[in-house]
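Chain IDs A, B and C follow the sequence of writing; residue 1 opens each chain.
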Amino acid sequence: MSTVPRIVGTRLLQAVPLLIATVVVNFAIIHLAPGDPVTMMVGEGAVSADQMEALRESLGLNNPLHIQFLDYLTSVLQGDLGTSYVYHQPVSEIIASRIPATLLLMGSTYLLSTFLGLLFGIVAALRPSSLQDRVLMTIAILGYSVPTFWLGFIALMIFAVELGWLPISGMVESGLEPGSWEYWKSVLHHLVLPVAVLSLFYTGLIARLMRTSMLNSLRGDFIVTARAMGLSNWRIVLRHAVPNAITPIVTVLGLQIGLMLSGAVLTETVFGWPGLGVLTVQAVAQRDYPLLLGMFLLTSVMVIIANVLTDLVYLAINPRLRSNG
Amino acid sequence: MADISRVADPLAMSKGEEPMQTVPHWREAWVHFRHSRIAVLALGVLLLLGFAALLAPWLAPYSPTEVSVMDVLQSPNALHWWGTDDLGRDVYSGALYGLRISMAVGLMAGLVAAILGTIIGALAGFLGGWVDALLMRITDFILTIPVLFLALVLIPVFGSSRLIVIFVIGGLAWPSIARLVRAEFLKLRSEAFVEAARGYGARRFKLIFSEILPNTFDLVLVSTALQVPAAILIEAGLSFLGVGDPEPRSLGLMLKDAYGLLGLAWWSAVFPGLVLSALAISLNLVADAFNDAVRGHE
Amino acid sequence: MNSLTAISAGPETLLSVAGLSTELRTRKGTVHALHNVGFTVRPGEAIAIVGESGCGKSMTARSIMRVLPRPIDKVTSGHVRFGGTDLLTLSEAAMRRIRGARIAMIFQDPMSHLDPLMRIGDQISEVLHAHKKLSGEVLQNAVRDALAAAQIPDIERVAGSYPHQLSGGLRQRALIAMALACDPQLLIADEPTTALDVTTQKQILQLLRQLVTERQMGLVLITHDLGVVANICDRVYVMYAGQVIEHADVHDFFDRPQHPYSQGLLASLKSLSEGSERLSSIPGAVPNLLAPPSGCRFRARCGYAMDICAAQDPAQRLRHDNHRDAACWLVEDKEGTNV
C-alpha cells in the first residue's frame, strides 16, 4: 500500500499548475476588463488628473506587466484580493463573511439530494421499465429540466405569498440573538424552500446517474455469484450491488459540489439568501471587478480542491486503485 | 486446448445479455424511439414549440416590446391571452419571441460544443500519448466548472452580446462530447489501423478521417442533443440574473421582470416559465430517448 | 414429449434433471435456450456437459440453480430432483437455503465473479453467515478451513486480500473455497479453468477431482474443452443447440463417439493434439434459437443428413437413463423400444 502517498502526492502536484493557470487567467482578465481601474475606483471625474496619476503610481499600475503580475501573485498568496470598489472593504473579508450562508444552503442541498438521488436511482434500477422506474425517472427528468429559479419563484408565490407558511426572503428573522434556539429555528424555516427547490434539481441528476450505474452493477458477474451462493436479495443489493454502483460515480458526486455554485447563485437570488451567489450578482450589477475576480479566484480554487478531494475519496473507497497505482 | 467455441456465440449467454448491437441505423433507432410513448409525446411538444418559434412574427398578436399604459397588469383575457406585465406588454407575444431566442441560443451553443468536442475528442483519440493525456485532463477539469457561475463573472468583463453568450456556454459544454468522440476513435482506430497497415500505411490519416469521423456522427448528435436543454437553461438563468442575451424580451428576462411583480401578476411568471420548462423537458426527454435508441441502453 | 417419464432416479442418484426447458425473453423475441434437457449425477461422480458456447450448457446450470439472468426468463418445464425434492417447485426462500449450502457453483472468470470491493475472507464469511449463522472465532476458523480445503497456501494473506491482488489461480481457489465453505453435496463448475494457464488448469482440475473422491461430492463440469473432460470426468453429456444429443461413459465416448457432432468435436481435438496446422472444425453455424429448426438441429451441418432428419427430431427418442445413447437416426436402436 506504499503507493497511496505517491498517488496523493501526484494529485496534489497536478493541482499546482491548475492553480497557477487560474491566477494567470485572473490577472489577464483584470487587464482585459473594460474601463480604467482607477476611474472605476474613485468614480468618473471625481478627482483631478494629477491625483489619478498619483493613485496609479501608488497602485503600481505604471510598472511593467511582469512586475505587476509578481505583485499580484504575491498579494494573492498573502490572501489579499484587493479592495471592493463598492464596499471599500478588503474583498477577502467580504467574501469570508458570506461563506457560511452559502455553505449552509449548499451543504444541506448536497446531503439531501445525494441521499434521495442515490435512493431513487437504486429503487428505479431494481425493477427496470416497471411503473416505479418510469415514474421516478420521469420525475427526475422534470427535476433537472424545470428551471430552478422559476420553480423557486412559483414555490414562493404559493407557499410564502399565498399560503404564508414559509418566509419570503432572507436567512433569518431580524432581531433574534445569533446562536439562540429561536435563531436556528428561524434559519431552518428560511432554509426549507431554497433547499427543497435546489434539491429537486440535483436529486434528479443524481438519480439518473445512479440508476445507470446500478443497472451496470446488477449485471455484474459477482451478483450471479452472490445469488448462486444463496445470499438474500437485500444483502446482494446492499452489500454488493450498491457499493459497486456508487464507486464509479463518486467522482461525479464529488464534482457536484463545485457545480452546485451555479444553482446556488440562482436560488440565492430568488430567495434573497445572503450568500456568495447574491454577492456575485450584486458585484456584476455594480461592475465591482475586484470582488468579481476575487469570487472567480475563490471558485476556481474551490473547484480544484473539490477535484483533488474527490480523487482522494475515490482512492480511499476503491481498493483496486490503491495497490495498482 | 481443444477450443470448440470458434463459432460465433449466438446468445452470449454466459452473461445473460442480448447480442452486442452494432451502431444501428436511424431507422432502427426510430423504431426503438417510438416504443416510448412519453418520448413521442415530447417530440410532438418540441415540434409544436419549434413551429411556434419559427412563426412567432405571424402568431404573435402584438409586438413583444410594445409598451401600453392602457393595458398595464391585465390578467389573462380575450385580448391578452396570457395577460400583460407592468408596462402593458403582452405576455403571450413576449413568450413566443422569447422562445425564438432560447432555441437559437441553445442550438448555436450546441453547435459550438459539437464542433469543439469533435475536434478535441478526435485529436485526443487520434494522436494519443501526451496530447491525449493533456486534453483529457483539461476536459475533466472543464467538466467540473460551474458554467453559469463562470459565465456570470466573465460576461460583464467581456461585454454582453448574443455571440459572447453562445461562445461562453458552448465553449464550456464540449467535454462530454469530446469524451465520446475520443472513446469511439480509440475503438475504431485499432480496427482501422489493422486494415490500413495491410494496405497503404500512408493512407492512415485519410482513413481515420473518412472512415472514423463519419462513424462518430450519431454519437455526437445525441450527446449534443443532451447539451442543448442545459444551454437553454443556462441562458435563461443568465438573463434572469441580468447578463444573458441582450434582446429586450427573452424568457429569462420576462421571468426577471415577473420576479419584481411577485404576488401581483402570477400570469407574468407562470406562462413564460411553463414555455421554458416545456421546452427543456421535451428536449431532455427526446434527447434521452434518442440516446437510448442509438446507444442501445436499457 | 415422452422423455419426462424415462428417468431412473434411484437412491444412488444425487441429482436428476429431466425434460428441462428454459426460455429467455429478449428484445428480438423468445430464445428457446434449453429444450428437454436431462442428465443424472451420483455422489462421488464427475459428469461433464460439453458443447460450444451458446449451446445452453451454462443456461442448464443456471436453470438448476434458478439464477437465470433476468426475472422474465423462465424455466418452462421439467424436473430437477435433488435430495428428494424437485428444486423447481421450491419456494424462493427454500431454494436460497440450498444454493451455496447444498449445491454450490463456481465460474469461468473468477475475477469478475468475485466482488472487487470486498476482501476474500469477508466474501467467504458472508456465505457461512448466511447459511450457518456462524460468527466470531468460529466463523473465522470456518473461513480458514474453507481456504485450506481449496489448498490455498498462504491463508491469512489471501483472506485479507482483494480479488485484484491475487493471481488467476488463487482467485479460482478463493471461489472454490467460497463454494466449499458450507460443504455442499453437489458442485457445478462452469468452465472453471478456461481463463487459466495450463499448469494452473491442471492443479485446479486435480483439486476438483480430489474433492469429488474425498467428499463423495457430485460434480457437474461444464466445459467446451474435451481435454479437461478426459482428465477428470466419469461420464459425458454433449449438448447442441439447447439439447442433449449424446451421453456416454467417458471411455466409450472417446473410443467410439456416436453422434456425428461428437465425432466432429473429437476429430478437431485430435488434429489439435497432433499439432496439425489446420483445425478440422465443423463447418456451418449453430442454429438460431429464436426459431429452432424442425427435425434434427444439427442436420444443416451434418454430412450424413437424410430425409428423416428433417422430418423428425431424433432427440425426442433419446434415452435419459444411464445407458449410453445418441440423438441420431444413424445410431442403431439396440433395444428397439424407443419412439
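One rule holds for everything that comes next: a residue touches a chain if its C-beta (ideal position, glycine included) is under 8 Å from a C-beta of that chain, and two chains touch if they have at least 3 such contacts.
Here's who's who by UniProt: A, B = ABC transporter permease; C = ABC transporter ATP-binding protein.
Here the structure is a predicted model, which is why all the values come from computation and not from measurement.
Asker: What is the chain whose Cα centre is as far as it gets from that of chain C?
Answerer: Comparing chain centres, A lies farthest from chain C.
Asker: Please find the two chains that have the most C-beta pairs touching each other.
Answerer: Chains A-B share more contact pairs than any other pair.
Asker: Measuring centre to centre with CA averages, how many angstrom lie between chain A and chain C?
Answerer: 54
Asker: Provide the C-alpha centroid distance between chain A and chain B, rounded to the nearest whole angstrom.
Answerer: Measuring from centre to centre gives 23 Å for this pair.
Asker: How many angstrom lie between the CA centroids of chain B and chain C, rounded to a whole number?
Answerer: 50
Asker: Got the chain A residues that touch at least 2 other chains?
Answerer: Touching at least two other chains: 221.
Asker: Identify all positions of chain C at which a residue touches two or more other chains, and write them in rising order.
Answerer: 62
Asker: Which chain B residues reach two or more other chains?
Answerer: Where chain B meets two or more other chains at a single residue, that happens at 15-17.
Asker: Please give the residue numbers of chain A that touch chain B in the complex, ascending.
Answerer: Result: residues 14, 18, 29, 32-34, 128-129, 134, 138, 141-142, 144-150, 153-154, 156-157, 161, 168, 212, 215, 219, 221, 255, 258-262, 265-266, 269-270, 280-281, 284-285, 287, 289, 292-293, 295-296, 299, 303, 306-307 of chain A touch chain B.
Asker: So in the complex, the part of chain A that touches chain C is made up of which residues?
Answerer: 220-222, 224-232, 235, 239-240, 243-244, 247, 317-320, 323-324
Asker: Which residues of chain C touch chain A in their complex?
Answerer: 62, 65, 67, 96-101, 104-105, 107, 109, 112-118, 126-127, 130-131, 162, 164-165, 175, 178-179
Asker: Which residues of chain B touch chain A once you look at their complex with the stated criterion?
Answerer: The contact residues of chain B facing chain A are 15-17, 38, 137, 140-141, 143-150, 152-154, 156-159, 229, 233-234, 236-237, 240-243, 255, 258-259, 262-263, 266, 269-270, 273, 276-277, 280-281, 283-285, 288, 297-298.
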